[in-house]
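Quick one: structure below, then a few questions.
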């Protein structure tokens, strides 16, 4: 979650060899499931750690992440584009400042406040995740557009491109890498915050972590933690692959 | 300066361009909001069809702003812009720019598009058929000295700075615009490549005869390239607008004199061709003679004479029209030297 | 008004939790700073190890904090210990990265000049490279601190110290009279702690940046 509440890097971090993350995730998951097979579980553990329940929680977790990330993209990217247009540019700086300051808000706070004010459940958790992950995507969309070399825009205008053509053929493709980095951060964030969604009855793998703490049962706790971490690693890996794939050639 | 003058005369051919006006600026003025003085003071200027005009001056003199007002990347505060007899001060700027080639110092090739896509941008904007764009792109790459087969599919980052600017020129020429505006196009290129690009560009201009407005802060580049040079003063007003020879022979004031710098008399020799030297009879004189073609500049001829230890110059010509000049005669003629036709 | 009333009535408890929050954050960041800066310096001659460390600590950042807390409980139990360890783990990467960047971006000409004067490598590090890299390193520490302040709010889930407790208590009393006030006090408290610490870093930067770099 981390990059999370921290400052979002515009540039990608030092890359791990791309196979490390998925291999690690698979090893963690297999190890965990193997352990559950051989460990002697007590009645509480047996009741909680049903394969179907694990699968359900995993799917719930993925649903939370996918739904909220898609919504974030749909909202933050157009908004970021709008805020970087010349007429709205004066709004850009205060919004960015606000977005940066917003990162000081703890994710659990957003989740809980929303639960108290509006309600609990899957869709409210999605709303909380969207609010929380909006900032990095919005910010990176704006930064990505701002960092496009002015002389390219000048050249485009000088050739007779309309403002819209400059946006679609020059600015947006060149902002894509930075925007993708923001979306990747949002994804990672969402995996983390979704783990907390168990506190507002939205399910997910966090359920096992919570139960593990409440019942003081390490196998339950570890199942939740390890699977959440494996999911985060896989999501990060897939996001990295997508980033490489979607980056325009020639850059 | 050396060699840069040697090739200057190459651009000249005998036919003078027609004398009609291609670009006319009338009282063109720019004042940015919130400023108390004009960035460009009211400016009147006429640029002929096929003429190569260079704006030169110190930074902040308004030369770039003036240039950018011609394709309306900067909107004038007042005044009018006429291109080819049409008032374009208030026409659709995007449409206007599609018919004016634009080359800038940073080149501005779009990094995620291939070379051929970059060159084909304006034709595409103009709605050309793909079948028409492709051969046009190849033709242009050829024209700027890049092998289409080799470069078509590359990305800008895979090219050197000089090659990138060749593509920049090709891109500006893509839709065959009658007018080109160029903002320090060779300013960021290393001196040796720059000189080569200048020479090639002059040759190219001889073939394509565009009306060119070219901004530079380098007076040597201006003298080398321009048919006429507009020297801007620091207070954003025109100090002199004349041919290179005129500027070297008769600087309008001390400002122009100091801007041109030292060695004006020597530099003039780079603008004169031996074939145009007046006087000088035909008879062979004493001493060894150096044989040169008539389009050689006086500067280059003198240099070669020094090298060869020759005291006389033999100018090639039609049989019977060869001439021979002594050093004395050359210098005397050069001092009177008239402007080479342009 | 209701909220302010709640705050003033529970001021003592809120102040106590805030102090706890700040303490646990500063403790973790201090440990992380020692680890991060030392690793950055120690790996100067081992660029491959350095890249590996950066990649590893960077990947740790993708580990969801709730899951990391969970993973630490079997080893460290509940409460302070897993909290400090988890926060430290997260805080290392920005500090390590900025230490590396800071040291790498010192003008080589300055270092070369020092070498020419006969300064040995320790002397160069101590009198030239570290002071010049310090603003960058400090910024890394700042980034870590702000990040960890927010993550620390989750520590209450594992009975850890700090303002997260107010948030979780509000959650537990959902529908109750003071649920919102309690949770809000926790959230606002965390944000204020972050803002104040951020300001302190601006101040620290002023005070500790070598004078010549500020003019």
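Chains: A, B and C, in written order; residue numbering restarts at 1 for each.
Everything that follows uses one rule, which is that a residue touches a chain if its C-beta (ideal position, glycine included) is under 8 Å from a C-beta of that chain, and two chains touch if they have at least 3 such contacts.
Quick caveat: nothing in here was measured; it's all calculated off a predicted structure.
Chemist: Chain with the smallest distance from its CA centroid to the overall CA centroid?
Modeler: A
Chemist: Suppose chain centres are the mean of their C-alpha atoms. Which chain sits farthest from subunit A?
Modeler: B
Chemist: Once you find the CA centre of subunit A and the CA centre of subunit C, what distance in Å lies between them?
Modeler: Comparing mean C-alpha positions, subunit C is 21 Å from subunit A.
Chemist: How far is the middle of subunit B from the middle of subunit C, if each middle is the mean of its Cα atoms, in Å?
Modeler: 60
Chemist: State, to the nearest whole Å, the distance from the C-alpha centre of subunit A to the C-alpha centre of subunit B.
Modeler: Inter-chain centre distance comes to 55 Å.
Chemist: Contact residues on subunit B for subunit A in the complex?
Modeler: Contact set of subunit B toward subunit A: 71, 73, 93-100, 102, 104-114, 121-122, 125, 155-157, 171, 181.
Chemist: Which part of subunit A faces subunit C closely enough to touch in the complex?
Modeler: Touch list, subunit A to subunit C: 1-7, 13-16, 21, 101, 103-110, 112-113, 115-117, 120, 188, 191-192, 195-196, 199-200, 205-206, 209-210, 212-213, 218, 221-222, 224-226, 228-229, 232-233, 236.
Chemist: Tell me, which parts of subunit A touch subunit B in their complex?
Modeler: Listed in rising order, the residues are 149, 151-152, 154-162, 165, 169-170, 173-174, 248-251.
Chemist: Could you pull out which subunit C residues touch subunit A in their complex?
Modeler: Going through subunit C, the ones touching subunit A are 51, 54-56, 58-59, 61-71, 73-74, 78, 90, 94, 97, 143-144, 146-147, 149-151, 153-154, 157-158, 164, 167-168, 170-171, 174, 179-180, 183-184, 186-187, 190-191, 194-195, 198.
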